[in-house]
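Order of writing sets the chain letters: A, B, C and D. Residues in each chain are counted from 1.
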Amino acid sequence: MTFKEWSTTPPKGWNSWDCYGASVTEEEVRANALYMSEKLKKYGWEYIVVDIQWYEPSADSSQYHPFVPLEMDEFSRLMPSVRRFPSAKGKKGFKPLADDIHRLGLKFGIHIMRGIPRQAVHNNTGLLGTQITARTIASTNSICPWNTDMYGVDASKEGAQLYYNSLMDLYADWGVDFIKVDDIAASTLYGMHKEEIELIRKAIDQTKRPMLLSLSPGPAALKNGAFLLENANMWRLTDDFWDSWNSLSGMFERCERWAPFTRKGNWPDCDMLPLGHIGIRSVDGDGADRQTRFSKAEQRTMVSLWSIFRSPLIFGGELRDNDVWTNSLLTNIEVNKMHDNIFESKQIYRKNGIVVWQAESRETRYFAIFNIDEKTNFVPKEVFQKELKGNEFIDLWEPQKKLTEKTKIVKHDVKLIKMAKEKAE
Amino acid sequence: MTFKEWSTTPPKGWNSWDCYGASVTEEEVRANALYMSEKLKKYGWEYIVVDIQWYEPSADSSQYHPFVPLEMDEFSRLMPSVRRFPSAKGKKGFKPLADDIHRLGLKFGIHIMRGIPRQAVHNNTGLLGTQITARTIASTNSICPWNTDMYGVDASKEGAQLYYNSLMDLYADWGVDFIKVDDIAASTLYGMHKEEIELIRKAIDQTKRPMLLSLSPGPAALKNGAFLLENANMWRLTDDFWDSWNSLSGMFERCERWAPFTRKGNWPDCDMLPLGHIGIRSVDGDGADRQTRFSKAEQRTMVSLWSIFRSPLIFGGELRDNDVWTNSLLTNIEVNKMHDNIFESKQIYRKNGIVVWQAESRETRYFAIFNIDEKTNFVPKEVFQKELKGNEFIDLWEPQKKLTEKTKIVKHDVKLIKMAKEKAE
Amino acid sequence: MTFKEWSTTPPKGWNSWDCYGASVTEEEVRANALYMSEKLKKYGWEYIVVDIQWYEPSADSSQYHPFVPLEMDEFSRLMPSVRRFPSAKGKKGFKPLADDIHRLGLKFGIHIMRGIPRQAVHNNTGLLGTQITARTIASTNSICPWNTDMYGVDASKEGAQLYYNSLMDLYADWGVDFIKVDDIAASTLYGMHKEEIELIRKAIDQTKRPMLLSLSPGPAALKNGAFLLENANMWRLTDDFWDSWNSLSGMFERCERWAPFTRKGNWPDCDMLPLGHIGIRSVDGDGADRQTRFSKAEQRTMVSLWSIFRSPLIFGGELRDNDVWTNSLLTNIEVNKMHDNIFESKQIYRKNGIVVWQAESRETRYFAIFNIDEKTNFVPKEVFQKELKGNEFIDLWEPQKKLTEKTKIVKHDVKLIKMAKEKAE
Amino acid sequence: MTFKEWSTTPPKGWNSWDCYGASVTEEEVRANALYMSEKLKKYGWEYIVVDIQWYEPSADSSQYHPFVPLEMDEFSRLMPSVRRFPSAKGKKGFKPLADDIHRLGLKFGIHIMRGIPRQAVHNNTGLLGTQITARTIASTNSICPWNTDMYGVDASKEGAQLYYNSLMDLYADWGVDFIKVDDIAASTLYGMHKEEIELIRKAIDQTKRPMLLSLSPGPAALKNGAFLLENANMWRLTDDFWDSWNSLSGMFERCERWAPFTRKGNWPDCDMLPLGHIGIRSVDGDGADRQTRFSKAEQRTMVSLWSIFRSPLIFGGELRDNDVWTNSLLTNIEVNKMHDNIFESKQIYRKNGIVVWQAESRETRYFAIFNIDEKTNFVPKEVFQKELKGNEFIDLWEPQKKLTEKTKIVKHDVKLIKMAKEKAE
């Protein structure tokens, strides 16, 4: 059984970054997990992921504190800050939290930075099961462009694989199900760190525990697509995605290019859904505590594109603050079914502000007709006549409304159409 | 039925360029067709393709004559030069030749340049079925970087689609089965001409005749991969491929990157096989009348890579001069079977001069172990132990020799291994 | 005497493009020349330049007519359209017009496109003084990206230099003083055409007539700066410059980088001044018959930057429609003196929306303090205290107003300061 | 007096890198200084420069020891290792050594890395004259791509200028005359660090001591040329230059492009002369203890190009091991005179493997005719006839030999010609 068999449908879950930056607490994680288990689990949502810097005691927002001391064990492995994750006390790490999340019927994920802590390298601390020390395996000049925690690991050095094995063994012991590795898929300084990805792939596989591997940030380069198929379950198409229309409209071209790479176990990733209540402790860039800036039409467009493209769906908002509208985007049974069951999807039309995607499951054909223009538009005549006319179909978002050649799509909105296959052919 | 269903296995055939440049004659085409029907047809070889400038009466080598008059009909469509293709006389075009090739049980292909003849534009000649004239649809500044025959067609102009339809209708009337369009997939001046590809796609489809579409030259850009899946049967991974080791060794990385795009009806193309007697009328660049410069090991490597990658196989040499060795590369039943039947293939290893590809058909697993190093090497221990050890397998090129962990691969050679699937798993 | 000695101060004049596109008439040229001789000559304005396509009889705006026939002599040389330039009748070319402009005490310039007419190549017409014909010297695939008149000339072909000599001899006969060659300094397809520049340099020099050489379009690449110093009097820093603030604010960085290349005979060129009444027959892009869209502050900024950088000053508007304000920009004696006499100038400060240039003549020091910000700003304290404080100085645009540390500069405006050198040091 | 007035002719000296890598000792520095004062000073050689890592006690070759502890004072300033520089003991730094070198009539230079020691940042040590600490002014993610000593300094932080001032004050106290700052002019990760250059410029100027500023490594980008004119005395045109013909032949184009930037006080720098006995403790890359790999012709070519281009001349070999030939390259009075006195120089010809440079001093014209071809060539006829014929001239390297139109130049050699100006014009 290879890692691709661990995720036969695109993953769905929650991640702490969009709300809490580097500073999420155990209480917040538990509360979101509880909400998910009660409200969303039955729709397939299952991963609860703790994002960056759970090992940084003083983290308090989305902005990192450069060069500060990090929680670390004697083998140069970062450990959860007990101040923020009380159940980790006594060196128990994330095991207690993971156990509880499993009890809710959910899965548990963590974020890590590629590499070995700089403090380990400058203090030359030890590694598990070897006399080799941190300074030896550190890549002399491989850093993250935006965070000071780590140095990269030099794959050519003896001890490099051992170190990553010791990390993944620890995470497997904790009961981790999902590992998001950051600063690895698209560094602005170095591009993709392929050798460290290979170290991590082997380290995970030797644990024998199914732990999904998700690579960040993006944009991953298309030329590495074949490599990624053999090494990761998810990888990002863009840099961090937030609630701006420019980012959303730019995703269409990225999805078009990456669609040929999507298959069971490999899910090119459009990034988290910045929906509902987000930015609670975001302070940098455009950050602010807010409801998503996307209009309802844009939210529908985002969920439709992510779904028909088969991106992972990782919710970014504080789940406890979800309203009925927001949940309606996550719990549409027909949309979820499409997301899980289609085996091919692609863009088939793009002109004058209209983008059309088509997908197929065994019995059903889907069309998503997006209006990314700045004004209301009709469904293009050539699309309607070629693909829809004469068939019976419904809009999954508004199944009660009949869609005709005269139907308008307002700016930034979408019609997500389902059609029985017999009729279509 | 879409164009993808016209080529469910990668095409195999012969093309006149590697021998005759722009100057092949009808007699030469017929002779190679006869040879193919007698010796190679039963191994799946079927296309006979007349390459560039069949409309240029004075063409005499691989070097073009700039700005000379071309054979053209009254609708601005280029016609075969009767001087070189006598059966075309009386405006019959390629119909008589195509008919005869069909009678041999083979298929007939032609090469065209993207666009409309410059002579049509400067003389402002007419188009079929419209008052619009050549000057109107010419793109004002779209040329081929290496040939003076044509201007590009401006897809935004009324008449552009009509013109391409009139071309494809003519070719369908002639009985053409394969169209290689040049100066379209990777211009050094303009990149890919996507709008003209779309015009041609529609023009072919409206004829209802299955005519494979092959796009040249390369390298096509990976970012256009999704577009190509929807518009072409074949597209080139490189600029013209010749018999130099540098070009061959460079193909491995190209194949690695493009492998995820190969599927029924879409065959990323490594270009013609410059084998046997080639360069008969090649005068430019490194051209010369010669036997292929590839060593036997390199020839085997090329055919193995093209086959396990599922590239089209288009032979470039003068078939009548093939020797036993050369034919042995084209008529290996097991290699042909692999080429036709594998449904997935990928590079799984590349280190220290060894490249390993793996592929699968329903019942069989294949490994190609290439030594692209400058010295003899063993099969890497980690590959042997993980993939081969304990299984029964044979080398398709030397089935009588037993391959063990001690077997050496000489520089630039390959072991092409077949293994029953039950054993492999 | 080398070509650099023909222009010891930066040229000043008028060009027909900004008003009349490709369509200026003899009457319009004469009228602007008359105006210049009466109103501006005493301030150093002297060149009257007829821009593109004076050989195209049907030209009627800034938009070219693709592939139409051009006026040409039997030696493949383009000739003024008699329809538009009546004095050219009887094959007299521009001689009568040039003579009359010389009588006004002015100098006469023309624009040409690099290369040889496509109609000459396709019809294979002759060249002066040789049996070689047009088809032979045409570069097979060198075109202009935006105009269909010419093919490039292949410098490696016998006859190439002869052809360019025949052109320059003709222009020298006519009495041309200034030649603007287009499609040569920065092709979006090919970069700079250095070999044709060398042909033209030699062709001009062999005439023995001082004809300034101005190269277009831009942006010329900095890596060609040393080459340009030896081959041209002027070359453009940007693509066509029009009346938009973005283009103007972008010019500051270009000037900064090119300032080290300015010297007697070499005048990096910021392009025409789109001032006064412009766009009279402009129809493409953002074109329209209009008064310049620049605010008065922006106009002052443009003239100040062009002047302190020592760009050529080529007025683009219809001179007859100049108002008092516009003429005040062209006839400020102190600004003109600075433009003529400074021997070094450079940017010395750029921060928070303020850009400061400094220049020196023998006796005077100049500072231009530009506010390119979107709001009013003070002169930066550090600049004022270091460069101005304790000295006596005046603002050349508003000599009556006293400038102090408290003086504000409104957005997009400039203070152009003059200071006696003794005081400055 | 500005920094440009501190170096009115291109600097000449010796640097320890080419022989001793990071490991030179005080004894070696003193011995080379003594040699220079005795043998070369009278030819204008004067700078003695201690290259990288004089603060690293364990440095023993050209290869750095990553992450090891460095000698540092309490204000985060690196200090000479007493182990290697005994006279520095008692915190005296380089003062005793500088004093002694001054007594020899020479000048003293040091190399530093841009930034603040990483050990200062991780330990958060103090800065001179402020409560601000090292961690505060470190740029969070600015490193050197090839050495682990420093982090960059963030110019936007309070304390950044203070820190650099404290460094330059220290060096001024020591009596430093020349500062080579590394990892600043062309980082492969970040390009040029302009803000740190400005900090350093200001820090040097506030000391009031003339200390030449030399920026490394290269290639500096041409777009920064104007900036460099205002901020540095020397900057590098290439990455480290060693004794390979490829590097030397590649220098011609770089010199051509940079020649317009050379002027009093600004000396674009071709890097050290790897002549004589070099590589004594070089172990990385192509390093080895050796006599220069350049042929005698190539050595002459190098010195001629560096001289006519007016590059600084910094000798890289162990001076004590110089032979007569090597010294003859450094002590040619006429070549030195050219180097000091020419005020303009430029490439005037490059074709078929011959490159010609021309330069002028007040009374003399110089031509360097380089044969960079792989075979012997004549002086090109067009050059000989235009520039030399009819004049009296000599070859500075072989003044006794008469040079005629029939003289051959062997591959990689040069004729360096001097001609009285009256004759030339």
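As a convention for this text, a residue touches a chain if its C-beta (ideal position, glycine included) is under 8 Å from a C-beta of that chain, and two chains touch if they have at least 3 such contacts.
Since we're looking at a predicted model, the values are computed, not measured.
Using the mean of the Cα atoms as each chain's centre, the chain most removed from chain B is D. Between chain A and chain C the centroid-to-centroid distance comes to 54 Å (mean Cα coordinates, whole Å). With centres set at the average Cα position, the gap from chain C to chain D is 40 Å. Separating the centre of chain B from that of chain C, both taken as means of CA atoms, is a distance of 50 Å.
Looking at chain B, one finds that none of its residues touch two or more other chains. Viewed as a network of touching protein chains, the structure reduces to one closed ring of chains, two contacts apiece.
Interface residues of chain C facing chain B in the complex, by the touch rule stated above, are 64, 66-67, 118-119, 121-122, 124, 135, 138, 140-141, 143-148, 189. Against chain D, in their complex, chain C makes its touches with residues 222-223, 225-227, 229-230, 256-261, 346-348.
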